[in-house]
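For reference, chains read A, B and C in written order, and residue numbers begin at 1 within each chain.
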Amino acid sequence: MTQNIVEIDNLSFGYKNRTLHKGISMSFPRGKVVAIMGGSGSGKTTLLRLIGGQFKPSAGEVRVDGQVVHQQNREGIYKLRRRMGMLFQQGALFTDLSVYDNVAFPMRELTDLPESMIHDLVLMKLNAVGLRGAHSLMPTELSGGMARRVALARAIALDPDIMMYDEPFAGLDPISMAVICDLIRTLNDALGITSIVVTHDVEETFSFADYIYFVADGVVAAEGRPEDLRQSTLPFIHQFVHGEKDGPVPFHYPAADYKLDLLG
Amino acid sequence: MDRTTIDLWVGIFVALGVAALLGLAMKVGNLTTSNIGETYMVEAAFENIGGLKPRAPVKSAGVVVGRVEGIRFDTVTYEAIVSLNVDKSYQFPADTFANIYTAGLLGEQYIGLEAGGDEEVLKNGDKIAHTQDAVVLEKMISQFLYNKASEPAPATAVPAESTKTEDDALTENPLDDLVN
Amino acid sequence: MIRSKILIRLVRSLSKLGSDFIDKVWRLGAGARLFGLMLISSGESFRRFRLVVREVYFTGVMSLVIISVSAFFVGMVLALQGYNTLQKYGSSEAIGVLVALALVRELGPVVTALLFAGRAGTAITAEIGLMKATEQLAAMEMMAVSPISRVIAPRFWAGVIALPILAALFSMIGILGGYLVAVPLIGVDSGAFWSQMQANVDWQFDIVNGVIKSIVFGVACTIIALFEGYDAPPTAEGVSRATTRTVVTSSLVVLALDFVLTSFMIV
């Protein structure tokens, strides 16, 4: 039993002709909440997909509990995924199923539990996210924040060892944000899960994460505990943490000389 | 949508489909009358089959008793060999006569079986010895013209028939000529 | 100068042709791959037949109304048109044969498949495309549930079951529509209508062949709808384009397949 449940080792990955990651290494210790931060389009979400084995890295490897993900066959990957839960950006609830059936979905598909036990488990999971009363609603009747919480209940339905959150705060009002924020920390501590949170919301992340990685230009630009990073003098971190519009990440997309463009 | 409602509707749907298929088979198609039962195959050789096609009906006294299974050409005798599937419940004498007829003037061609008087019956794989070819329209017309040309021209312009009364035509039996 | 411009345009249109061709071949291959994967992972659909039953409801039962109404009108039009022509040759009692053969052999399977592509096929494409766009398929994948065996395969088998049933209903309802026009309206003898039909419609070569056609069309229409949805770019525009492509491709494939199948069936 290694101390790090997930390890990313010198990983490179790219779509067709665009390299996204150039040798990234990260480690995620058991029972901790680790955040991956970075600007939009820096390949954070893709990292989660790589951990889940949906993509194959072009170099390097991802190890989950000591097993190299991309070397597994289909069965092996599915076995690993049963130990992971993932919260998608928009929740990704099954729109043709009710809230109850959504949470019951992984139990019905992957276990042989009797329906009576599934009933109890579903209500317990929904209670944990505070939506036991909404079990008969359809996903279209939920607000964004509620949908996110139902998706969270579904993700923890089979008590995963690893929880991955893809932009859990995107597009939420401050109250929903605080609720999700609190849930991530409580679930992590109560269930002994390891949490990987991909986000770009600075304040929330700094408040609950144990460790933070910054990704920029395909490499880990900085890493450390929140309190250390807040003091960081690295220009990129400073710009990101304090939300300055110009700095190492320029305001302007690379362009030809302004005067030349205008006057020809 | 409730589970039982879906089940009910799908049940109705499938039942409707089966009913439609049964309706097609019984009411529209000839499943009830066609050779779904056991059949036996006999062959018949013709010098000319005209426009006979596979699956053409085989009739006896106007009743469909079978279908044409296949047609092939015999390179030894230079004849067309027609294989017929005949319903097992209809037995025909061994000296049965097979003709190729045309339904109506220009209709499809079919095979007519005329029973002979033999004690023996046709069995699977037997060959019908007595056959009569299809009537080819061109042949008939050219023969008719040839006969007309060889006939001596009538003395008067008025055709002989026109002088006959209607009663004459009715009492006259065309077979009399053959008997005499 | 002008010559070089023409040359450039020629090269550009040739390379467009080339890339279009490669794209088409690629899509054909990807579609075949999905079909193969789907067949391999169909076990789940039969072990849990409830999944298929649910989809039969959405593809089959929901198409009942459009199929029945169209069939009724097609049958009536066939009878009207057929009578108009047949009576010139004094064979108006053959109208039953005409209506029945036209429906059972061709119009039943083909028109049903075309309507199916428009009604159920587009629904399938839009549903799968939206499930992909809203990451529902990815979520399933991350839950270690294969979307191909859980989402694609049941819909495929439902389509293959539903289309022949719909086609049989289409033929039957069409014949009834033709009967209503021919017998009570025009005054063709009812006995002649049915007896001529029965004498000339063959169970195996007309009805069974029609059913075979509709099964083949069911496979083609459903797999095209599923592939277009599964392959759609996860955007609103992508899904809407995929839906259009489903109708266009299905219709063309059905008509082309109809020609091929008919040429095999008519000896």
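The rule is short, and it goes like this: a contact is a pair of C-beta atoms (placed from the backbone, for glycine too) under 8 Å apart; a residue touches a chain by one contact, two chains touch by 3 or more.
On a predicted model such as this, the values are computed, not experimentally measured, just so you know.
Asks: What are the two chains with the most C-beta pairs touching?
Replies: Going pair by pair, the biggest contact count turns up for B-C.
Asks: Mean of the CA atoms for each chain, then the mean for all of them together: which chain is nearest?
Replies: Looking at where each chain's C-alpha mean falls, the closest to the middle is C.
Asks: What is the distance in Å between the mean C-alpha positions of subunit A and subunit C?
Replies: Distance between chain centres, rounded to whole Å: 42 Å.
Asks: Centroid of subunit A to centroid of subunit B, CA atoms only: how many Å?
Replies: Result: the chain centres lie 79 Å from each other.
Asks: For subunit B and subunit C, what's the span in angstrom between their mean Cα positions?
Replies: Centre separation, subunit B to subunit C: 38 Å.
Asks: Could you say which residues in subunit C touch two or more other chains, in rising order?
Replies: none
Asks: How about subunit A: which of its residues touch subunit C in the complex?
Replies: 49, 52, 54, 77-79, 81-82, 84, 86, 88-90, 92-95, 105-106, 109-110, 151
Asks: Quick check on the complex: what are the subunit B residues that touch subunit C?
Replies: Within the complex, subunit B touches subunit C at residues 1, 6-7, 9-10, 12-14, 16-17, 19-21, 23-25, 27-34, 36, 54-55, 64.
Asks: In the complex, go through subunit C and note every residue touching subunit B.
Replies: These residues of subunit C touch subunit B: 53-54, 56-57, 60-61, 64, 100, 104, 162, 164-166, 168-169, 171-173, 175, 194, 197-203, 205-207, 211, 267.
Asks: Can you tell me which positions in subunit C touch subunit A when the two form their complex?
Replies: Touch residues, subunit C against subunit A: 130-131, 134-136, 138-139, 141-145, 150.
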